[in-house]
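Consider the two complexes below, in which subunit A is the common component and subunit B and subunit C are the respective partners.
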Partner chain A sequence: MTTFAADAGTWRAKARKYRAIARANVQNSLAYAWDALTPGIFVTIFIFIFAQIWKVTFASQNTNVINGLTLNMTIWYFVWAELVQLSKIDPVTTIQNEVKDGSLAYTLGRPYNYVLYHFFHGLGGVGIRLVSVLAFGSFVAGTQAGLLASFRLEVMPLVLFVTVLAFVLDYCIMAMIGLLAFFFEDVMAFRFIYSKITFVLGGLLIPVDFLPDTVQSIARVLPFNLVVYAPSKLFVAWDWEQFGFVVIMQFFWIGVMAGLLTLFYRYGVKRVTINGG
Partner chain B sequence: MLREIKFVLQLIKLNIASAMEYRASFLMQAVGMFINNGIYFVFWILFFDKFGELRGYSIDQIFLLFAIITLGFGMALTFAGNANRIAEFVAQGRLDYYLTLPRPVLPHLLFSWMNPFTFGDLSFGVISYFFTGRFDPVSIVLTFVSAVLAAVIFVSVFGIFGSLAFYIGNAKEITFFLGNAMISFSLYPIGLFQGAVRLILYTLIPAAFVGAVPVEIVETGNLKLLGYLAIAAAIGATLMTVVFQTGLRRYESGSAINVNM
Partner chain C sequence: MQAVRLHNLKKTFKLKRKAPGLMGSIRSLYKPEWNTVEAVKGISLEIEQGELLAFIGPNGAGKSTTIKMLTGILHPSEGEAEVLGYVPYKQRQQLAYHIGAIFGQKPQLWYHLPPIDTFELFAHIYELDYTAYQKRRDFLVEALQIQDFLETPVRKLSLGQRMRCEIASSLLHAPKILFLDEPTIGLDVIAKQHLREAIKTLHEEENLTIFLTSHDVGDVEALCKRVVIINHGQVIFDDKTSALKRQYLTHKIIGVRFGREIPEDFSVRDAELLKRGTWGAKIRLDTSIRPVDDLIMALMSYAPVVDLTIEDPPMEEVIREIYTAQESIHLNHKEQQEVPA
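Right after this comes the complex of A and B.
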């Protein structure tokens, strides 16, 4: 006999379903908690290198502030930027493999949305990476530049909100790259290119404020800065007006990318051929 | 010895033929890596455009640094593509295949796969060198020889890190971390790092030997320094062989059945 929950098919039931998917991966990531050390160690190296570069740069420019950022803010900016970069959901390899080996077919018959499944599954592993990156990154930044002078505890929930939206936007783009496997044999090159665009135009290697004016104006129009730069800048230099603008732009780009992702997925699924097995 | 060299050359030939079977994929991966490197390049161009010099390094030194590192890394993993996968092979018991064949295990393992991404590194290294504007034969030869030695050091260091798997079990993560640390540190001007960190970059994670030292060799034409780099490469290769061979005695088969095609 099959039993159904009384609210089957409602939004509440759907939320419960995806919450269960996320919870399963939270438990999984906790079981392999040591794996979270890897991004922690990476952030240690990155923050250390960036701290050396910007210490030397600020000293050679003989100034305390460059384009509105102090040395202290610049080093802490990179902590949040790396937090986004190293904690975000990365579904490309999984989606590519599932498309290539046909195991995608297995999920098509299941009562969940394939794209949402991977989002919530990935989300389950984010928490532990966030903690690891923040702990290691803050330690290195603290030893190199002291505590963040402009830190405002009361706005942190809003910074986290913008960061979550950044994860969603990034996921839409990354999932689309994964689904390119319907058309290309290997999509890792696309992931490389996207991630490297984020490095410069997204503000991971250098805050967008430090880019030359022309490049800066291009970077501010594109969605990539909303993934890394926007939350990181708000973390070190909170601004209500900027916050409002960032949230509107993030919702706009999430709408565009999610729409494209849906179309992409529907088109791709039509090309799936199942041979049994 | 000659027989083994012929064997390795044959493996390289087969690897190239295998990569060419999937031309579109191969090209995509190579182009992806090329763009990947290009973005770092763009970062430095923008950086120096705005801030000028960085502890004695200008954009010219960065061009040379990138040329040598990408050529060295590219050669290392184009020819010895399994160098940074040894830990994976050991942990999964996949060395059985090599142990059953009448060839020395280490060179056979190292040279039996080619990483298609690294063609992007190789081509990027050549383009990067063009930006340095050093077209005199001495500079070209010094750059090439330094890059070859850097490649030997890359393979040796990856090999040593990967062989840790014989001693500590699953060393995949630590190999990945140490390898990336070496690449990351090597891509920045050495002058940024002082004291203990600098010492580490000349010893435990020898990033200086694949970046800063070769740059100095090409810039100053210092043949003595080139000799030291060659000695460092020889020591690295010897150390890798010793660590691998000693570790191999501790290897336990996973009884896994693998088909190498």
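Right after this comes the complex of A and C.
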């Protein structure tokens, strides 16, 4: 007869549980480590093209600084923006597939929090993509614009902290979209809309500082800029005041979104139907 | 002690109906039509701890829906369910520590990892004591004979090997009930045999309650003492496996081999000639119409009998008859409902 661990039910046992879930996905992604080249190749092409566009833009404006960002900072901004975008957790596809192929019968029936399970499962796949995007992105940005002139090693842990919060916030939104699969099965259209909002208002297409004033004022009150723009901007242009504001706003929106996500999950799990006999 | 108690359990789904063709697709966007499907229509059932019960029925009968309600992943529309004293849909996480489930058509082992890695993961998910887990794992590895491929990525395993590993993974936390939803689906004869033996051993050694659904009557015959048959979401039979045969076996298959050749026009009164050979025949006899001894006497007086066999029809045939009978009752009922007043 198997016995439960002496600390079963405690936070320590739960922490071990979620760490094991993340570790299993690290192992899983290492089985096909070459897959991580895909975001690396994508970021190479993307940064190269954007570097050419922004070189022309700065030249045509005949200036070294646009809205507080130099060409060097702008190109490195996109490295960090793509790092977030291409490495972040994607629970939408995973949950949708679970609903479609019926494997939800397993993932929903285990002794863990389903939403946290997907977070840590996804987190396990982040590391390898992060390394790939950072390596390829930095190489191209370095060749196109030189090293980041405003780089400050001492604030990097804080930039990483904001980036982690950005991942959590994005996960809350993406998980809500994923949970829509409990009602609609196919939710790619919702994800497409969210990705386009992030693209424009989140600072993935251009830094929010470059948007027209009206659009900028809308973008700054919405949570989307806190996912891509905020950590990327702090990476290239560190500002203590801005850091404090970003962290407060991130915590605020994470609280709101996590609350909504919990309600969403409780509502959805009562109504979900599981495909297959 | 009761392991499972269901009272008037019901589950209804709303299914979107779409007329065929492009116009149908467009119309379904602005004027969707919904059908209410009653997948489970009031099942009441009690299962004792340590029972090995077959829960069978044709496709769409409501078997998997019932299992999913018992494991807490589907919420019933009406009725009560209690599994090991827990209300599954309210206490899903607490219940999960004490039950195991296998959905034969869906893998739970991580595809790119060897089974042993998934076992380790499950040990943490179920918050097991590590030393106890290792002992339990070694026991299951031995019982299910999976030692040779424990470190092979799941994608490289045969279906039979994978299925045994799936069962091991569901038993690591020593559940009190194991829900097996078509565990032998797609397996060859040998793999089925191995799996049945393993299930039987584990059931006997651990007094494990097993709730088995299967389309393979061989599973039911080999493993289960009790059979519950459901169709159209309702229980239509609930008794011992032996009673199923007794109740529904109204005919025998009689094989006879004579000491001389039989003519081409050989026939048998009040029985069906299934097959006729040069030296013998196979006859289906409805014992309510003609007693067995009467037919045997007649055969023996016809010609010297060299060999004679009397067999029950295969269980599969019995179940098919039950399904068919139920199906015609259901259709009649439906037609009566559709007749305008």
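We adopt the following convention: the second predicted complex is superposed on the first by the 268 of 277 C-alpha atoms of A that agree within 3 Å, B and C clash if a C-alpha of one lies under 4 Å from a C-alpha of the other, contacts with A are read in each partner's own complex, and residues count from 1 in each chain.
The rule is simple: a contact is a pair of C-beta atoms (placed from the backbone, for glycine too) under 8 Å apart; a residue touches a chain by one contact, two chains touch by 3 or more.
Nothing here was measured: the structure is a model prediction, and the numbers come from that model.
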| item | value |
| --- | --- |
| Partner chain(s) touched by A:24 [first = subunit B, second = subunit C, both, neither] | second |
| Which superposed partner A:211 touches (first subunit B, second subunit C, both, neither) | first |
| Which superposed partner A:111 touches (first subunit B, second subunit C, both, neither) | second |
| Subunit B versus subunit C as contact partner of A:102, first or second or both or neither | second |
| Footprint overlap on subunit A, comparing subunit B with subunit C | none |
| Subunit A partner contacts - residues on subunit C that touch it in the complex | 13, 59-60, 63-64, 68, 71-75, 92-94, 96-97, 101, 103, 105-108, 110-113, 117-118, 120-121, 124-130, 132-133, 135-136, 153, 172-174, 182 |
| Of all residues in subunit A, those that touch subunit C in their complex | 1-6, 8-9, 13-14, 16-17, 19-21, 23-24, 27-28, 31-32, 101-106, 108-112, 269-274, 276-277 |
| For the subunit A and subunit B complex, residues of the former touching the latter | 35, 37-38, 41-42, 45-46, 48-49, 52-53, 56-57, 60-61, 184-186, 188-190, 192-193, 196-197, 199-200, 205-206, 210-212, 215 |
| Residue ranges of subunit B in contact with subunit A within the complex | 22, 24-25, 28-29, 31-33, 35-36, 38-40, 42-43, 46-47, 49-55, 173, 176-177, 180-181, 184-185, 188, 192-193, 197 |
